[in-house]
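Same chain, two partners: chain A is paired with chain B first, then with chain C.
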Partner chain A sequence: MKVSFPYMGTTVVYKKLLEMLGHEVIMPPKPTQKTINLGVKYSPEFACFPLKVIMGSYFEAIDKGAEVIITSGGHGPCRAGFYERVHRRILEAEGHFVDFIVFDSMFRDRKTFIENVKRLKGKTPLHKVIHALWMVYDMIGKLDKLEMEVQRIRAYEVNRGETTRIWEHIQKMFDKAYTRGALRNAYDKGRKMLAAIELHSVEEENRIRIGIVGEIYVVMEDSINMKMEQLLNSLGAEVERSQYLSQWVTYNMLPKWINWSHEKHILKLSDPYLPIQIGGHAKQSVGQIVDYSRRGFDGVVHLMPFGCLPELVSQSIIPKINEDFGIPVLTISLDEQAGIANNQTRVEAFIDLVKSKHKERLSQGEKNINKSTQHVTTTG
Partner chain B sequence: MRELYLGVDVGSVSTNIVLVDEDINVISSQYIRTNGQPLETVKTGLKKLKKEFPVDGKIKGVGTTGSGRQLVGVMIGADVIKNEITAHATATIHFVPNVKTIFEIGGQDSKIIVVDNQMVTDFAMNTVCAAGTGSFLDHQSERLGIPIEEFGDKAMAADRDVRIAGRCTVFAESDMIAKQQFGFSKSEIIKGLCEALVRNYINNLGRGKKLEPPFVFQGGVAANKGIKAAFEKEINHEIIIPEHYNIMGALGSAILARDGNWNSQTETLFRGFEAADLEFVPSTFECEDCPNHCEVVEVRLDKKIVARWGDRCGKWTNSVNTVI
Partner chain C sequence: MIVGIPRALLYHYYYPFWKTYFEELGIEVMVSPPTNKVVMDLGVKASVPEICVPIKVYLGHVLELVNMGADWIFVPRFVSIQKGQFFCPKFMGLPDMIRHSFPHIASRLLIPAIESTTDDLATSPKQYREIEEKLGISTAANKRALKKAETVWIDFRRWSLKGYEIPDAMALALGTKNPQQEAATIIEHQQDEITLGVLGYVYNLYDSMISLDILSRLREMNVKVKTFEMIPERMLKERLIGMPKTMFWTFSDKLFAAGYHFYNEESIDGLIHVTAFGCGPDSMLGKLLELDSVKYQKPFMTVRIDEHSGENHLQTRIEAYVDMLRRKKQLNTQRGA
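Showing the complex of A and B:
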């Protein structure tokens, strides 16, 4: 089958899995202005931004010959659960009759899940499928580890742009690896390449760490979030993203009784503020802000698509978290606008704020440490 | 010899250039309409400033801020290029050290900055809704045929209160026409407009923030007594308007240039007043390497490229070795 999927984050992973199952993969181009224009043109005006961008990606993939689109479903009150329906109808109205394979958590609808797996598996023998799954799971973990390193060291690179260039090269190396050995080689080589990057030395106590939270698509796909990770890095801050693919897979694919994933911990942290699931990633966003506060991060950037209901709710909870933990949070809502000057100003001012707060925290030293532990005990 | 610092705030409506001494006493200040030509405007300002420049003065540092900070920073050779939120807060904290809340309303945007213990702890900036900015008043002054400079006095002369919807300029306008037809005077309408602007501003930017006194109000709109009165009515507290309310951004960037230079012996990057005569040619081209088609800005000095920006991938920006 000629298959395609929405473009989000490190796409080499999905590509690899589908290739190993014997499919021809049609890579959708990384979203550009053209993708956005296409998506906006065919999507309902009030739909959320990710729906529009993904819509554009589908048109581009179909243009390149895609016949089947694989995507994830969703549950709860967030509109993401209806994406596939809406996309399919729009595509049909434009005369494109493609097939969709929608993956939901296997514990909700086991029958459909197994059917989907069977379709993807095709004639591939079972041992090959298991090999492919292991291989890809391994790959996600390795890529995520390297990416975390990239997000940390890019803040201190001497030659601007070098880390990003190397990171892109590393992803290409992974793309070419089809055996466990080749994968390990790519990983070792990637680590060495990252270690060789020339860095400014910054004292541990002067390092600024920022967490990025929010709706998964705008958090993971940097072509539509102003390249937020790179922007924060270029302003001298280390970055950690709330979502990595390996965490998502662990959380969604493991049965409940052995599911001790990070995400479970995050959801628990959000309970005092948002006790129920309201869809999307609102509960995660809230929990992650609490988590970042406890882990001593200096600030959080909260990304949301303009008009995203779940994230609007989490945004309104932020002042309360701030009262308890005092962590600065900057909310940025993203839409199709191309001009980034205003958001650039906001991010720069936010980093100034975070830096001066960091300095103050250093100078207050012990007094503050006592205070923050107090906070934890009162809320935990 | 006196050590002096230059601060430049290049906004979308006006460009301010200030010259200050080490203790931030204003020696000279220029307020010029930008008219969409930041480079030309700054050149004019520099030429004027040169005439007022003290004979024993020497520029020790230069800072730029505002939406045109990058371009102008490259042109004049700035030591510090800072966003306008930090610049404004820096100036306010210098002049009103115990400030807790800063209201700033400019021509095209408005901000609220929350300060605690001389440190910015929170801020909000509105750039989307025109109803909370100076351009809203500008527009209505045209409609009423009353120059914006007289707005304040007119508002103060009103006898009665009239409520005008401030949620959106479109609603405000139709509401204003309706109230005119009810027989309210121009003064009363203007007062209503001022109150509508303030309501909109507080609702939009103050949401979820703890606004505590002392309050400082700055930006071009602070010249309007009607707005000041409306603010005081809305938050029920006295408002401080600093002496240099309309050049706070420029002053802030001058202070940042001074503080960045304080302990070091490094020479300023300032190109000198001759910068006004240098031929800076900004141009743009569309990069065709991917479907993004980014519009890349390129600045040349003597045919040599001194800066590039505007590309999303960073390929062009990183190809030039300048610190922006």
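Showing the complex of A and C:
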């Protein structure tokens, strides 16, 4: 089967899995302005931005020969499968009759899940399937570790652009690795390459850390979020994303008892603000903002598609979190009309604010230390 | 003690229930006035700009009730009224938006979580535990009040199913209008030449400020209107059979089903979809219905409304649409004859 999938984040992973199951993979091109224009042209005007971009992506993949599209319904009551319905119908209206395989969480609808797996598995023997799954899970974990390192050190690189270049190279190495050994090699080599990047030295106390939270697609896919991570890094801030693929897989594909601790922790933190899941990632976004403040981050960038229902609710609650924890949060809503230049200025101003707050905190910290030492001397 | 009910969102579907319920408990009910400029402005100012109009309006009504001196404000959290289905995320998070945006009234909010398996809110009394606790009401009294509320609400639904628009159905169920008087209007309606299926959430259609009174405009053009709440639940459900489950949210699903019902029903000459600016669910169901308009050979028009919509523009558009439908119908009858 000539299969394709929506473009999101580190796509080498999906590609690898499908290849190992014996499919011919049609890589969707990374979304560009052209993709967005295509998507906007065919999608309903008020559809969410991710739906539009993915729509454009599908047209491009079909152009390249894709016959089957694999996608996920995501969890939570928000998008729950309706993307595919709309996409399929629009494609049909344009004369493209492609097949869709939609993966929802295995725990919601076990039967369809298993059927989907069977279709994808095809004639691949079971032991090979297990091997492939295991490989890919391993690969996701390794890539995520390296990516976290990238998001940290890129803030201090001496030669602009070097880290990103190396990161892209690393992903290519992973793309070519088909055995466990090759994977390990790629990982070790990748780590060494990152370690060799020349960095400005910045004192621990002067480091600025920013968390990124929000709707999964715009958080994960940098081609439509103004390359937010790179932008923040270039302004001298370390970045951590609220979502990594490995966490997503753990939460959606593995049973509860294995490892949901992180997700559960985050959901708990949001309870005082948003006691129930309202769909999408709103509850997570709120919890993650609280989590970042507790972990001493300097600020949070909240990304959402324009008009995103659940994230509008989180956006409405953010001022209260800010009041409670003092953490600065910048909400940016993205769509085809989002003025990049304008948003860029907003991000720059935000980082300035965060930096001056950081300094303030430092000098206050010093005062407190002085106070406590005085205290010690008087009583001692 | 006065409980304030915002005249917005599902007020337009559940007011007869809530009014009866509180009054049975001996509690006075206060309702905010129909949406006006002041209420709208209050709401717009209090909300994040991107959010849809009906939510903005709701916040306005809440603030207005505070100004009017209500002791408690009733802002239920609608989670689900059908198994495996939910409400639009904004409904589910609405009480949180309110209590975090206006911390000074947080302690005066009554927030029962509505989680039942049917539209009939009396079917799971435990939702109202919150009211027992906060207002000091016994479980027995609560049950009794729910029972009475249920009776009145079912009566209200019965009037809707007979074809009455919601304000009339409410008045009839609450006894402020006399059924005999009403019978005449219905018969008169039947002589109208064209019938439109109007798709829209009750809180948009029946809020004349939000919808710019589209229903009366149509009535003045001598058009008969059918809306989703006039279609029996059973028939709506039938339309959804065979479609992937839980695609939209409960009321979006009802609209979606109503759309196909209108397409299939001969007496309906055309469809109008009235949708709030920025309503994500509507853009999906609207697109799917619009694409199918060709297949069913019935015209489909979308009317988008927000806090800046202009009346003239709307009037011109619906007039043109209705004219077109009339011509089409005449042509068909001539051909048929």
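One rule holds in what follows: the second predicted complex is superposed on the first by the 352 of 380 C-alpha atoms of A that agree within 3 Å, B and C clash if a C-alpha of one lies under 4 Å from a C-alpha of the other, contacts with A are read in each partner's own complex, and residues count from 1 in each chain.
In this text, contacts are C-beta pairs under 8 Å (C-beta built on N, C-alpha and C of every residue); 3 or more make two chains touch, one makes a residue touch a chain.
None of these values were measured; they are calculated from a predicted model.
K.L.:
I'd like to know which partner A:163 touches here: chain B for first, chain C for second, both or neither.
P.N.:
A:163 sits against neither chain B nor chain C.
K.L.:
Touch test for A:309: chain B only (first), chain C only (second), both, or neither?
P.N.:
Only chain C; A:309 stays clear of chain B.
K.L.:
With both complexes overlaid on chain A, does A:348 touch chain B (first), chain C (second), both or neither?
P.N.:
first
K.L.:
Of the partners chain B and chain C, which touch A:275 in the superposed model: first, second, both, neither?
P.N.:
Touch status of A:275: second partner only.
K.L.:
Scan A:90 for contacts with chain B and chain C and give back first, second, both or neither.
P.N.:
In the superposition, A:90 contacts chain C only.
K.L.:
Please indicate which partner A:4 is in contact with in the superposed arrangement: first for chain B, second for chain C, both, or neither.
P.N.:
Neither partner.
K.L.:
What is the contact status of A:317 with respect to chain B (first) and chain C (second): first, second, both, or neither?
P.N.:
Touch status of A:317: second partner only.
K.L.:
More residues of chain A in touch with chain C or with chain B?
P.N.:
C
K.L.:
Which partner does A:356 contact after superposing on A: first (chain B), second (chain C), both, neither?
P.N.:
First partner only.
K.L.:
In the overlay, answer first, second, both or neither for which of chain B and chain C A:45 touches.
P.N.:
It touches chain C, and chain B stays clear.
K.L.:
For chain A, give the residues common to its interface with chain B and its interface with chain C.
P.N.:
The answer is residues 316, 319 of chain A.
K.L.:
If you look only at chain B, which of its residues touch chain A in the complex?
P.N.:
Where chain B meets chain A, its residues are 67, 82-86, 109, 117, 119-123, 125, 127, 208-209, 290-293, 312, 314-315, 317-318.
K.L.:
Contact residues on chain A for chain C in the complex?
P.N.:
The contact residues of chain A facing chain C are 43-48, 77-78, 80-82, 85-86, 89-90, 93, 273-276, 278-280, 282, 306-310, 312-317, 319-320, 333.
K.L.:
Using the touch rule from the top, collect the residues of chain A that touch chain B in their complex.
P.N.:
Contact set of chain A toward chain B: 29, 32-35, 160-161, 164, 223, 227, 230, 316, 318-319, 328, 341-342, 344-346, 348-350, 352-353, 356-357, 360.
K.L.:
Taking the touch rule as given, give the residues of chain C at its contact with chain A in the complex, in rising order.
P.N.:
It is residues 47-48, 50-51, 77, 79, 86, 88-90, 92-94, 96-97, 100-101, 103, 113, 244, 246-249, 277-284, 286-288, 291 of chain C that touch chain A.
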